[in-house]
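Next come two complexes built around chain A: one with chain B, the other with chain C.
Presenting the complex of A and B:
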């Protein structure tokens, strides 16, 4: 039996079948694309044979359209993932052909240059970059739809789009942005940074990591295609019975959600297992960076909540395709069931977006203020509190639906209670900034922007959690402005700060501070113009998701549309800064910010195995300037006494 | 003292990889549990509401159905395949664990035989599940009960197919010497998954057996909807069906 040397140890190897990588050498994004398209066409054709020409449903719709589109979606998913090589691992395992070290190195993209980004590559750094690019593409797509929506609403003297198409734009924009916001921090930071910060050589399950990113890629085309076959006309929540009455485009939405939920569950399992089992020696829970807590919390919420969303769409799909009656009241179903299943994910998802973003902020502030994180334990308590309460607030979205009116006030209480742990997090952020040595760079600017936006989003959220106030605000532009302040104002601007902060580690170059700042502040100004004006429209009573409205709302909408274009210009400038810096920016040293977490202690570009020797942690990574009186020194000392201080 | 078995890809001890894999499996089970609970909650929710008296229209899905009686020797006919499938899966799980125990005492052939037998039993369970789905005396659209039962059985089928794949792989890998007494970890992981499959089937069996007749005997009635036709005669009001029908 042959052997390979891994970290100076001779390790026996299984038989090498052919060249390292085997069939995976021939599979990549392009083979996935071709086989996905071919299989989609084949499945669609086979399904179309099941329906006689001209067959109609009871309401005179084309009977074949839905099932054929569904079959095409199944064909796309199976074909794309098969063409990428996602099924090779399980089949090899079944046949007993285990990977050798050389196979694993090939799978990790060793010596493959940029082409490794187009493959089923297992290296967590490649996956992190892939997540960043995919998230930016989805954000760009969703942002383009936002521009079209604002164009329609801003041109108040005529209709730009057909009302059905306008509704599709709103729904598709909503879900595209939700998906992008979920992955824009958790994806790149969770995959690129968290293993480095843990002091690990890779994620716990590298192949699962590749699977989760390519499932995300696979989930995007069905959403875009759905626009061509009727679209999603009912908002991103696609409530029943509108869901059931929609055209075949809804199947695209459902396919996207099902595939995305599987991707998220796998990513969550991976991040949680990595954090729990692969932290460096000495990295006790009282020495673990707060970003790791944030990533773990987001993964935990996604793990328990996403399956409910997935099943809400599976049940909707079977209602549509095989005539089950989960949501059809005539046959014993209930539309409230859909709303409950949907919001069981729908609200925790807000924190899946927010918590990683705030955790990144809490990593940035000590570095740029040269101060310890204020009250590390309060930050942990805040994160734990949010996770604990996130599953108990879903029905505040259903106050006005008539479902269980007796439950409104308990849910009002639980929703208002969640502002307590969120308040902890804000206090930690402000406390850390207090009297710090302020270093004015773009990541720190993002912190101020996020605090500003989050305060507005949080305060307006308290009104919406209040049952009497919600009777007025529900379903109007006030709600739209509120959640944009939370998700975009805190989530996206936090992500921009995170990108600026981690850019040198991810790319080996500084983000162009000047161009990036111009883009960032332009987007920030546009954001305030757009959504402050939208608050006004909401207070005046303008309903959301409505194409035509009274003239009294014209001015608010003109201002919002101008603001939206300003956001678009700002985002394009920021994107230009990213692209030019990535290509030809100033080279950055391995630790340009002089940060103390492990991710900055390794070389840049990060070697394939991250650390030549696995690191040992001896203290909290926020040891700047004056020590935090609340830092867990005593616990550290107790641990060192019990376990022995690392040499 | 024997040196520990090392992973050929990372060089870490196989026991370390096992602990990591076991935790990952637990998290996967948590996600799958959430999904199963989504189905169970849907079942219980619709059962408790009996919207429009449509939980089980005219009781056609239960024991007073002649077709169903003709296919089943038991009064709780619609449920027995669930329990039979659970029994088969339980036996397959026990057999697999017995094989793992025998391998621990050095009999690799014991695990090969046990995993092969477990695969055969699982194939029987899959066949029984398929038979149940294809011979229900109702379609998926015959009320909320029928819909919920169809989805629960589909979920069980998916779990069994995955379990069958995994146990078949254990058979093959043990035969090839990739699972042995010094590296039994993958067989144990599959054994844990089998335990969870049993629990998920049990959850379905419990609700379908003990939560059949809806407790809501005075449900809200929405009448009937039809496509709007201005030329159609005005329908005469019809009495809403009573729960006893």
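Presenting the complex of A and C:
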């Protein structure tokens, strides 16, 4: 044992063996990939030996297929994470060779150049960028599937795909987009920006941070692979018992969800601990920027909601593999149990997507309006109210299931109550806009788009929260249009605004205003066309998730498909703007928007430990604007005006 | 010294009118407030036709064909009317921000003289109270309508809670991948794949499934309930219009979910009786 002197105290240090980093020097994404694939093949082969050749199940399916695919998934997860070096820390600790300071610095990516993005790097800024890239890749994949779905629905006179593949497209699009939307704001903003905004040197648990992003990466291939082995034919909600009829592709979905839920739980704990314990000196709860509240709220909801999802998929998996029949009604299981577990995730998850996006908007508006955030406490109340109610509304997805008709009354009450805290957030936004000339840049323009979409999504949500109206709209294209307005219109367009806002801090360059705006507004226009006509299709009575329909729905579907292609073009332009700006955009100073939050007070590119000296906070960071000339005057001031101020 | 001798002007005596009214009046006289209110009204009137257009879209296939569907449409109509003012106001603020208060581009923030409005108690209270009242109205309306259509669905009256089953027609609906079967236990268990219903007679549906979850949606009759395997769910309706309507499956049920639809034929009660007698006789012999 060597020792280091820290603050005049001798602190024992583990002994350094070899070069800093040890075996981590040789492990990266590519070794993870190789070892994941190898271990998957080995596990699959070993499992296949357990079944005699040609063994069939009671349904005359190949008996080996499910277990073999499951074993391959286990092999992939263990192999990939092991090959990445996720287990090196604990193993070295068990062997008595704990990480030294030099090892920790190596793992934080010190002096490694670009290659640190391919490693198990603990620096929160690297993790944030990795989240952004992974989310964009999943979004691209999900968007491609959306184009295929709209192609099928636009060509009304024939089946382009066979129904089985179409159903797989719908399910895979759904879950891929949900995963991407959950991480596209919470990931980059929660990991890159929140520690900076807190005035911290890193996240609370840097190694868990690296673990959460690589678990997310690990969760993606099973989802894509599942398309090759039967697909997810049952929508993203994969209701039982339809789930049980699907091929082994469903195991890919279940693996993805279980791994993703673990990743989300780790990320949530990390963000919450960082916010609770690592805010700068003086950053009391009434001086904390609203984005930190938003990230904290999303993490808190994720932490209690995702376990339900994980349990539902673990139970489904055991139903499938070892006939536990939790959800099989023929053997005493309950299909409603599955739906309850699923929607206990399903509704909070919507707010996990929305709240960070709205919180980013609330950071953007004061900066570009040069006005303080209107009624900061009301914004907090709105976020707290949404978090509080989010866990009490899940059964509004089950109004029409016949599960408990009497429960429809209380759930209608709680669901419609959510419009009150959401209304608070709207007031904060329009109050901040009130009487201010705005700085017309892409992040600010995104705010207008988001509020427009959010109003439409919110108002249509009121119909759906009402049981009688939902009796018409449940399982109808109207629902599809509504949640796209919420998740895409408010969530994704908000994320695009957020990317434009934080781009200079993340990359040191401005996002190209012109190309970015063209892409953004093209996508926005296409979005309105697509989903407005989808509302019409829903009102006419088109059910969801169908590939063929009555002729009366043709026109609205044609328009919708044209709009979808416009969205695709707009998104590609926006992507081109991101890529070209990242490589060769206009260089930005460290605080290009002249914002007051701590994340903009450090150098760009952000140094390894963020701040040379940890900052101290003395006020709320929304100190913009001049005293209001129209503010109602106090009585003394009125008297002074009339009488003359005492000299 | 002379000017100090001039008695200072007395502050204005308090008037009888409450100061809040003064402030409201002063506020309403501001140019931007007037413009925003005007835009709100204009946008509101532009949105108003939606209330009727939505119903027109819903009625395209021949509905409403029952009192339940009429209640649903009434709810949708009222909700549209209620949400138009608030939507119009928010849109008006957005529009006035874009074109009235305007934006400026540039590399540095051009607008450093915006008023620092940190909060405004009147605005906060007004907004909270009015949005709560709106939400309360929607909840109360929803609860009443729900009780109403529940009473209609189960063939009971809300006053007594007693099922009016004496004259109710019972139909056992069975969903299976990917067809609907309708069985009439009161008519020799006749089974059909098209839903035949008499006009103006209460119908009670016992809905179930033999394989996966389906959703029995009689579109123009306004009823919808899941068909669950291993459970029977009930709903009901009294058709009040003759014609041909649609049954669709509204829950993804596998390969041919899109094609799991059939027709409803609502006919006069006498025609229904004779039709059922013939079908039943044909089946038993």
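Keep this in mind: the second predicted complex is superposed on the first by the 613 of 647 C-alpha atoms of A that agree within 3 Å, B and C clash if a C-alpha of one lies under 4 Å from a C-alpha of the other, contacts with A are read in each partner's own complex, and residues count from 1 in each chain.
One rule holds for everything that comes next: contacts are C-beta pairs under 8 Å (C-beta built on N, C-alpha and C of every residue); 3 or more make two chains touch, one makes a residue touch a chain.
Bear in mind that the values here come from a model prediction, so they are computed numbers and not experimental data.
When the shared chain is aligned, no partner comes close enough to touch A:508: not chain B, not chain C.
In the superposition on chain A, the chain among chain B and chain C reaching more residues of chain A is C. By the touch criterion defined above, A:391 lies against neither chain B nor chain C after alignment on the C-alpha atoms of chain A.
Of the two partner chains, chain C is the only one that A:466 touches; chain B does not reach it. Judged by the touch definition given at the top, the superposed model places A:310 against chain B, while chain C stays out of reach. Applying the stated contact rule after C-alpha superposition, one finds that A:368 touches chain C and leaves chain B untouched. Of the two partner chains, both chain B and chain C are touched by A:330. In the superposition on chain A, no contact is made by A:140 with either chain B or chain C. Across the superposed pair, chain B and chain C both touch chain A at residues 329-330.
On the chain A side of its complex with chain C, the touching residues are 163-164, 167, 170, 233-235, 239, 241-242, 245, 329-330, 335-336, 367-372, 374-378, 400-402, 405, 408-409, 412-413, 416-417, 419-420, 423-424, 426-427, 430-431, 433-441, 444, 448, 451-452, 455-456, 459, 462-463, 465-469, 471-472, 474-476, 536, 539-541, 543-550, 552, 592-594, 623-632, 638-639, 642-644.
Taken in their complex, chain C has these residues touching chain A: 8-9, 11-12, 23, 30, 32, 54, 57-58, 60-61, 68-69, 71-72, 75-76, 79, 83, 87, 90-91, 93-94, 97-98, 101-120, 123-124, 127-128, 131-132, 134-135, 138-139, 141-143, 145-146, 149-150, 207, 211-213, 215, 217, 219, 222-226, 228-231, 233-234, 246, 248-259. Across the interface of their complex, chain A is touched by residues 6-11, 19-20, 23-24, 27-28, 30-32, 34-35, 37-39, 41-42, 45-46, 49-57, 139-148, 150-151, 165, 168-169, 172-173, 176, 178, 222, 224-225, 227 of chain B. By the touch criterion stated above, chain A contacts chain B in their complex at residues 4, 6-7, 9, 11-14, 58-59, 90, 93-96, 98-101, 103-104, 201-202, 204-205, 208, 265, 268-270, 272-273, 276-278, 303-308, 310-312, 314-315, 318-319, 322-326, 329-334, 337, 340-341, 344.
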